[in-house]
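Chain IDs A, B, C and D follow the sequence of writing; residue 1 opens each chain.
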Amino acid sequence: MINADVIAKSNDTASEKLNADYTALGEHLDRRGIDIAAIKSKVASYGVAVPSWGVGTGGTRFARFPAAGEPRDIFDKLSDCGLIHQLTRATPSVSLHIPWDAQPAADLNSKAEEVGLSFDAMNSNTFQDQPDQAHSYKFGSLAHTDAATRQQAVDHNIACIELGAQLGSKALTIWVGDGSNFPGQTNFTRQFERYLDAAKQVYNALPDDWTLLTEHKMYEPAFYSTVVQDWGTNLLIAQQMGDKAKCLVDLGHHAPNVNIEMIVARLTQFGKLGGFHFNDSKYGDDDLDTGSIDPYRLFLVFNELVDAETNPDFNPTHMLDQSHNVTDPIESLMVSATEVQRAYAQALLVDRTALAGFQDENDALMATTTLKHGFRTDVEPILAMARLENGGAIDPVAAYRASGYRARVGSERPAVSGAGGGIV
Amino acid sequence: MINADVIAKSNDTASEKLNADYTALGEHLDRRGIDIAAIKSKVASYGVAVPSWGVGTGGTRFARFPAAGEPRDIFDKLSDCGLIHQLTRATPSVSLHIPWDAQPAADLNSKAEEVGLSFDAMNSNTFQDQPDQAHSYKFGSLAHTDAATRQQAVDHNIACIELGAQLGSKALTIWVGDGSNFPGQTNFTRQFERYLDAAKQVYNALPDDWTLLTEHKMYEPAFYSTVVQDWGTNLLIAQQMGDKAKCLVDLGHHAPNVNIEMIVARLTQFGKLGGFHFNDSKYGDDDLDTGSIDPYRLFLVFNELVDAETNPDFNPTHMLDQSHNVTDPIESLMVSATEVQRAYAQALLVDRTALAGFQDENDALMATTTLKHGFRTDVEPILAMARLENGGAIDPVAAYRASGYRARVGSERPAVSGAGGGIV
Amino acid sequence: MINADVIAKSNDTASEKLNADYTALGEHLDRRGIDIAAIKSKVASYGVAVPSWGVGTGGTRFARFPAAGEPRDIFDKLSDCGLIHQLTRATPSVSLHIPWDAQPAADLNSKAEEVGLSFDAMNSNTFQDQPDQAHSYKFGSLAHTDAATRQQAVDHNIACIELGAQLGSKALTIWVGDGSNFPGQTNFTRQFERYLDAAKQVYNALPDDWTLLTEHKMYEPAFYSTVVQDWGTNLLIAQQMGDKAKCLVDLGHHAPNVNIEMIVARLTQFGKLGGFHFNDSKYGDDDLDTGSIDPYRLFLVFNELVDAETNPDFNPTHMLDQSHNVTDPIESLMVSATEVQRAYAQALLVDRTALAGFQDENDALMATTTLKHGFRTDVEPILAMARLENGGAIDPVAAYRASGYRARVGSERPAVSGAGGGIV
Amino acid sequence: MINADVIAKSNDTASEKLNADYTALGEHLDRRGIDIAAIKSKVASYGVAVPSWGVGTGGTRFARFPAAGEPRDIFDKLSDCGLIHQLTRATPSVSLHIPWDAQPAADLNSKAEEVGLSFDAMNSNTFQDQPDQAHSYKFGSLAHTDAATRQQAVDHNIACIELGAQLGSKALTIWVGDGSNFPGQTNFTRQFERYLDAAKQVYNALPDDWTLLTEHKMYEPAFYSTVVQDWGTNLLIAQQMGDKAKCLVDLGHHAPNVNIEMIVARLTQFGKLGGFHFNDSKYGDDDLDTGSIDPYRLFLVFNELVDAETNPDFNPTHMLDQSHNVTDPIESLMVSATEVQRAYAQALLVDRTALAGFQDENDALMATTTLKHGFRTDVEPILAMARLENGGAIDPVAAYRASGYRARVGSERPAVSGAGGGIV
């Protein structure tokens, strides 16, 4: 965390321009019949979770190039996450990944309190082998052909729930890499039966106020078939499990060209949208920074979410899930949290009454123009003012760079080697 | 239809080689513990439906280049389809498209009997406007914002059922182009609600022994969103409708890279696989000849179907659905029917006991080798012998060319102009 | 064309808000060190060509749903195009398509003068058969196996040049559909040799101050292979032809996920970027309205173009090329011309000195933030003010709708039937 | 390497069936006018190189699951590669990867001689950092913004040439991961200028009888842009370098749906096809076993190669390049080498005179049928007989499993931990 003076000083230099921009935007929105304060208020109360593993440098199967000050453990990670929230006021919670972050609950709670964060969904890991593990996940976990291996994966998920219950978490997110690399390697139907059976055991261990989030992904690490390959299979899982089971949508886990916002609408319509992993992608599960490649697509997703907000039971979780290979992870997460807020604010600006009218009349041109009017409005002054009023930084990256935080932790935390690369 | 002498003469020239090839294959399969006669028997009783519209030359939005002897009406089409079955003994039924093929039931039945065919699923058309139509489908049909337009589409589907009931058909296939070309043009959720409501009316009009087949497609003619865009939405439709509703899978209607055989497995597992439109594709809904681009994918689909055959209730419809832009449609349909049979025969050769064993042991290499052993076996002698013994041609294309059929109908049926092209 | 009073009245209602927005934007840009007047001036002098065929309703192979007032001929089309330029002041030229628009040069020049337009690149058509044509293009044109068919296609292209020369055009754009639908249908190498030989004959007929623009496309109407399938082949063509030959990039003609802005950069670097066909796409060559699906991609293309503007010899042609299936084509073209200008204006705002610095330092986060700063600025007031000062409409769609133009031409021009659909 | 007795014993059990199958196939081919001995002879003299890194277990960014007996160093790798060739007689050479395999030339030559292998192309590595390296490749290598980093990468490539020259290698393959993860992170043009400049230095260091092979790849490890992203850029590189520079095609490095066989044809036509990395893929650069996903595509590539064989100067290198994540790498490489031979043999069976005739007549159906006739012939007896006669195993996998080799090296080579995963 950084000194409040650094933030204040950074804000001092930027506030004059912000005030002018905010005033001008307020007047402009007023001419459109929109109250800027109401938008700002919604933005200010919006938060997106940060994944604990996101503050470390990511990599590919070819290599990982770590930077200085890599977090050594979950406590370092929580410090980094706390700083992100301190500057952006947009990331009030952290999502843990077990066993990477497995520590005594009291220690985790204590550290979280110290850095002003709460705990979002728990994440289990059955796609890697751990040193002390009896059975390997090389050929699967929840859907493995071997019953003991499945049980090991079930038990691990239940342990995640138990730890999460002590941390105030209310959801378990399951993503598995189970699948196959060759036609014929696995029988699709029997593999899915095994998955459903094992997942049901995890589901049955959920506390009443918890949600089970299952995540689909087209491919990787399996390259011919993946057991939960798309939203169709994910929907079947949620249906088979029960009311506490919902689908999690990661923006990078779809086939090329797929209309993701439509999947969001379908899952919402049938009460099965559980949450998001936000990121962006150009080719596959690239895990690039949210909004960095196709910001309009992100806006179209938020257009669906704002549409659904009128339903009081609609409350999907929002999390960033990115791999920061060439940037400072703290900077990327701050900017990405802001991009999520930006899409939300833009979607709030859409004149939904007018839009519905154009839709009813099949006036495609005016309907899409109405949508884009929200998107092309520069809402940065709203986001910045919400941050400022919440005690954050007008320009989080500038404040962060001015703080010298990275250099400081770089001196405290030992350098790590590149490693990485399962290749080639 | 052509003279039996032509077929006999064609078979005469080819039978010696066939006998030699068939004997050698029988001996080879015997060494693998497979009875060639059992395979031949299954192939001989397998049939795939031909679409009535498939015997006309297809085109693109840019142009259509008709050949000589284009069928003038459904009676010409039935003649062409009858010939296909005469030579291949693999296409015993025809699927009608209404209103293109709308004629008195008695006339259709009479002609079908004459050419030795029965009627497969009925196909409705609400993606084009007809001259006498009250409401346009420009902005949709079953999911249109206007109630009267939806009702018109519902009524048309019910009329298709009524005609089909007089023809012995047992299924209605619905494919609609409803969707949008612009973000915001349509509200995804309300559009799908309208679709479900209208489809339910059609469903309620189904006779007890009929099946409603709904067909998904990623895009085209709508280019931003399509109301039944993938198998997830298709599954929801089938679930909402009831037991008589099932999903139809067209091999060309998926996103790039999608694992189609896995979708087949999922729908089968949950009792919702209703049938197929076979074709092949390299880029989109190219409607190329079945097996012409990726024959192994076709085999992998049949691998799932043979797996599911053990369930006596499993009985999906099989139809070719292709656009013949540069070939004689009769030739393409004959070859494609053969390709479907080929994939079926190859899938029958797979040693499923061995395969299951390798799968249980995660012996990916031997599992996939076992599958491929079926695929790489040249089963042409089995297909040809089944045709020959059923009264068809060993080499249907050669017999067809020898018959002079195309030249004959070319002189009887007036030439038509290219037209086509909605472009550009 | 519409009465100036209509425009004036429309502008009257909108000018107060525009002035306020423009002033506020000017002050904001001033705080960023940017002179709004300089940007406006560049935007005001920017123009994009309109394709003559774009003012008719487009369609797909399934259907075409025409609207009222479809242009009957090139003279009606020029009227519609003139109106688009009257209201937007952004589309000063029209691109003709031969033989659709073939008329005496004097008549075309006279009409163009009347509506205030000039002529952009000529487009030949060898992907459709014309009634009086000796040889069919069913199996190709410039690359056909038959020499006489190739010669016919060459002659047609030369005729296009000759007509264009009388119209003040300076470029011929060639797009052919030659390819194949089946593996083996064509020998790739011999087909390309034939293409090169025929194209060379056309090239040799070019006046000295003309450019030959060849256009690549991944697929459609050919669905297995296309002779000019990508920019690699297109580059080879331009290299083989000579200095007057350059590549034309249509934004919708690429494989999924391809980085188009990078292709733009490569062709620019090697002096072979000849021009653009602007549109947008989600799945294939959807020909959707420019900027309607992925506006950031359009911006990234213009980012390359603004980068290259410093080279005085860099002067690619810009044209809209879209299919308007569900909107009034005049409205879509007006909005799309504006979207092209918007991307240009946003790209002009990028601080290129700062960007280059961040690139040199591998500060990926600040580099991309710098780029996005341009993109997220709402430049609408600049575009509107440029239109207003040039005599156009602040809100072209509103002015157009107020004018009653469509109803008027709807009464003058006879209704046409849907037709279309090469299907299915 | 394994004992000859093991092979002999394995062959004994299989030879009777093989003889019967081979005789039957010979008779069948004779009926088609093809001399089986001539095909067998070509297959027997065909070889594909094995990559040294291919005998280790591969992984993904998520995890790597090693098996027993992982090779400890290049000498273990050469033993494994020798065994592959011993059993298949199809992989006479190995391609080294530096610095992974950097050892004194004398030691490498001695070991290669011992195991009966020669050295194929050398591969440099500038996509990972090595412990002793002065400059990091995090932001690029040959195209880095920093001159010293570029020089380091150039020097490394020259060192690879120097080592290779002592090993009898005749080619250097360069693949770099240089690119960007964010729009704006890099200037495409300047980055490519730097690449060309650095590559030219490497080119200038090539011995006269060497070839420089550059390899393109659409994405990964860079996820927004890659400096050598496709064959268009690769062609420009080869053109800029000179006659000794050619393009290397990896089957998994293309955009979705791309027609790879056409790229092979184009590069061949212009004298720039340098070689292949064979593998298969369903989604991206999956590095799956050759022919395991789409065997017809592999055949179509070989169809082009057989077409080009008539040119005596045509001599591209052939190498397997796969990641074996779930199989024993030795088994996968043996099967894949066989799959490459299979595609070659099938392509040799195509009646090219008939094919050319059908192509000239635009008889698409018979042309594609002619091609497929080659593909659907089961050539396994030819491959097996060629292996047998060359001293290899009829069934390499069975012989390998019977040999106990994996268990033996598993006891000699220490177990390694999973590690891997740059994630997440």
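Here is the rule we go by: a residue touches a chain if its C-beta (ideal position, glycine included) is under 8 Å from a C-beta of that chain, and two chains touch if they have at least 3 such contacts.
Just so we're clear, the structure is a prediction, and the values are computed from it rather than from any experiment.
Taken together, chain B and chain D share the touching chains A, C. Among the other chains, D has the CA centre that is most remote from the centre of chain C. Each chain gets one centre point, the mean of its Cα atoms, and the points for chain A and chain D are 39 Å apart. Inter-chain spacing, taken between the CA centroids of chain A and chain B, is 42 Å. Those residues of chain A in touch with two or more other chains are numbered 138-139, 180-183, 185, 218-219, 224, 256-257, 259, 282-283, 289, 292-293, 296, 326-327, 362, 364-365, 368, 372.
Per the touch definition, chain C reaches chain D in the complex via residues 138-139, 145, 180-190, 192-193, 218-219, 224-225, 229-233, 235-236, 254-259, 261-263, 265-266, 268-270, 296, 300, 303-304, 307, 355-356, 358-362, 364-365, 367-368, 370-372.
Looking at the complex, you find that chain B touches chain D at residues 17, 20-21, 24, 27-28, 31, 256-257, 259, 282-283, 289, 292-297, 326-328, 331-332, 335, 342, 362, 364-366, 368-369, 372, 375-378, 380, 397.
Chain A makes touch with chain D in their complex at residues 53, 58-65, 97, 127-129, 131, 136-139, 177, 180-183, 185, 218-221, 223-224, 256, 281-284, 286-289, 292-293, 323, 325-327, 417-424.
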